[in-house]
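Each chain carries a letter (A, B, C and D) given by its place in the written order, and its residues are counted from 1.
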């Protein structure tokens, strides 16, 4: 089997990473790459690291160019995927790396995004533990439309959902603070994203609940069984190109022991190929996940402060975006879930 | 007036930074620099950036070598300052950059440090607002022993104390997560502090309440009026040599408006030369404080999550250590508080 | 004495650094700061690290706004300084940080820059050794127009001129390769200057003799006595916000010993406050010059390859630009050359 | 076919990278990993990024533990491989990532290394063009002992050998300056390799011809046909964990045109899967090769300075070490040369 694949938005960081992973996938063949202002250029001119795809040339991002493929990956700015997808066939597998189809609540959608094409698709976070006891994975089997989660959302959700599901942490008053690299902001020409500004410096943005990922985190933790979830979420930009280190904390539920907490996470991830709970006393570094579809979680219980703290490391462009997209495609198509994906980071 | 100064532990990062600031101070003259294994070497051999002090040679860290100066700065490992200070005259101003004399509670001391020389000294965080309405500054006037705060402690305390003092945030269930550079860990030969390990990577340490700075933060917030302070505190090592970006969050007190919160911080820092509250919607970056004795604070109120979030940036080696030491010395001696200190960071 | 100062181009990196240094200068008072698109904003909005200048507001870069000051520093794009200066009085000291007035050769000017306002000004590299035995410093005394050298030019010229002057190295076939930070490229919104692109990566640009600094280097080495100077010069962008590390190599002249070479450099810089030759076997790191007006030079003679190699470290924004500007202003005005400038770097 | 593999020195950076690549190789199975001080620990304890090898435990580096495998990769300190290899069977393929078996000249060996086990093995740089017109590849077919080149050596040799072979550049007076990351120095606990020292800073080392890679470069360029090769070679440590950017320059031979030069490199690498000449005007960045077995070369001819300049980017741990080892093993064993290796870098 070799399935034909198109990638829309191939000149950006997310699109480039989808391509890097596709190039290593034994069952997928990239035949079309599209872009906006870079259309007409060889792919290698804008993604010089993708040597094995040197035969590809960027074409315009139009429904016509994207039609006729077995799989279409969308790595487009907000608001673009709805229109394009409406013109693609129902049997085409469409994987959207953007935010257009993640939110179930139309009110949240209107508050944080807005636009013409509201409507949630099956959500591509296979390891998310659900209130009913299953995993989100089941919703992806056979799907032909999949919304890939936000990168920060994945880190926080994986770091808290098992505790919510097991009732060992409280869904109210969650606090998450993340160290994130700038590639999550895309290839945007903004002064604050210049190397001169970021090298040797850390800064925060979207402080105070304004980050668009906030409702999506609440949605996931609600899916895990959290009632009345509230979360304070602050991302801090730090000088590494990739990577998310999410420190997620929640109140320890009454009467729960540290062992109960650890047990909840151990059970949740015991059989997961891509999500690993580290032994007690160990905490991950983002470098260990660079280029890999891996999320590593360290866990501690602060019995004085009565808070559970998890530290989750992942690569925002892989497990946070492109790797989740490939993994979800594998599941949707009935392929082995790990096909074409590595668990080994590029370190040091 | 020119006062003679000795710096003990001059080959480390804290000692080096004390020297860099002293070299720019118009009233202080460094006459003695001491070290342990590097004794006998020219200062420039271990601190090649301190060109203006090329005439100094490191001598052994002994009470004899430190005696007879107007001021002695101690930048020594834990447990060393007590013994040395006991042999220095009472009229010598001794400024300890280490942790030996910070904690008031002997129980906390025993839990987190331990050793022979327990006993708190006047605490060198001049801008700390106190429950009674004054500032910690007053305790430093005329002092001859001063304990410089921990760098993380300074960032979190400055970011929360005005809210505690004003009653606009709750002292219980504080959560602080920091992005910190490795220079705070000193010039230690540890694998995890190697450049190969840290470049491009973030990691957490001392997770779950085990960091030694925890009781000191509680102590400061109690001094600001907090009753029953609890704090979950997690530092994340990120790839910048210096700098702390502290995201500190606390529950909004009932019935308090965002305006009340901002007002509490505005009042607290309106006249401070080194601590600045940024306008609404602005958040600091650490580069803006590099080499400066400045702490910059951004503030937001998340009314959905009911949390106040402050983001504090400072240079761990300056306002976090050596700058606080010089500032405290100025106050103790009745000099202008800003003497020899800059508020301008080296950016970009 | 307090002289009134205007800085044109105050929202860029070079202008910002001129301001940072001016703020520490005891005889200069900044009264006017100008910008192009940022005019009307508080200085602090675009230079948030300059807390001590929070009272200043940016005004338009016009001759009218710049007139009437004792000193005007220009940090403008190429081609802008000529027009403005023609409208400033002859007794105003004008220091141009740009390239418009550096080149003596009109042919070089036309090849590498071009424009309406050709004409060399006294050149602001005081330590440059001249063929006749003096230093460039003499040309600056009493000057009212000064052209500040290019940052790469300063690093290479300081690293080779004493050898040229003494005849211990050959002026033909010089090769210089530099590791440089991106701040030298200014606050330009270019994709290749984004943090995501530069973090963890090195790249070369202007390879093969096309860099505009090439004729200026030749000019300086000719001034040092080099006849028939040729130079291959390649800058490599590396992930540090500031700093230049220049490896400059030249052929060892026949019959010259390593001792002769070292001696030439020792003599040249023995009395210089800002340029230092390191002892044999020692080589500088850029961090030791961060924020300082210092150039550090290490020297080795490769007797097998018959090449002299010097490694020069400096801060491109200080000794490479703004510090040289202040130093030159001090000389022009008869002030102590070191006034307001530090030799101590901010390290680590 | 699945061949059993042992890796000696599996706790270091080179050994770790060999393992990362082996884990992706379809024909090799790692059965033994050895270490010195870390023996007895799970591999994951020292290489936490190698999740897919979590079943392995480190054992002592002894001939007994290494015997009985089809392939043994040695990533050991200098001087260790000779003794071990003498006790392995002649039909075992031994790939040495160290320097013990690279040099043909016993005099060079004695000058730069020394020790008991002198003796060159077939040299693992397949793409090296030879004076006779072939490639070094041929010497590896069927080999059972292979010496992997030094990482800096590979970058410089690939960037100059085609020009030497074609006679378009002169072998005398070559100058090469490299920007290199610290992982090439290994996991050594040295102060100068600490993150605090390296972040934001560049420095040079082994200046003036003292670097051990110097004779190996000369040897390769002689193999390409260079008579009387001399080279000045200077590495500059820059703050990126991996990567080499080598600027290599040589004098343009008389009567040679820029087209001739480009043509020589085009012909040399036209059919190479891992070495690519970029189009005129383009120069590589190291990020494009991160984690990949790719070397990218940009080329310019400076007709004023009469120098050819090539800029070569590669990952010191992959094409510079572990990737070259796997590639050489593939050739030795008659497997497809690209098996298990990617050409796509992890960027941004």
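Remarks
Note that in this section a residue touches a chain if its C-beta (ideal position, glycine included) is under 8 Å from a C-beta of that chain, and two chains touch if they have at least 3 such contacts.
If you want to know which protein each chain is, UniProt gives these names: A, B, C, D = N-acetyl-gamma-glutamyl-phosphate reductase.
These figures come from a predicted structure and were not determined experimentally.
Any chain that touches subunit A and also touches subunit C is listed here: B, D. When subunit B is fitted to subunit C on its Cα atoms, the angle of the rotation, on a 0 to 180 scale and to the nearest 5, is 180 degrees.
For the pairs A-D and A-B, the count of C-beta pairs in contact is higher at A-B. Centre-to-centre separation of subunit A and subunit B, using mean CA positions: 37 Å.
Along subunit A, residues 13, 183, 196-197, 199-201, 239-242, 284-285, 287-288, 290, 347-348 each make contact with two or more other chains.
Of all the residues in subunit C, the ones that touch subunit A in their complex are 13, 181-183, 185, 187, 189-191, 193-201, 239-241. Partner subunit C is touched in their complex by these residues of subunit D: 173, 175, 177, 179, 196-197, 199-205, 207-209, 230-232, 234, 236, 238-243, 245, 247, 249, 251, 283-288, 290, 298, 300-307, 309, 311, 313, 347-348. Those residues of subunit A that touch subunit D in the shared complex are 13, 16, 20, 23-24, 47-53, 183, 199-200, 241-242, 276, 284-285, 287-292, 294, 296, 342-348.
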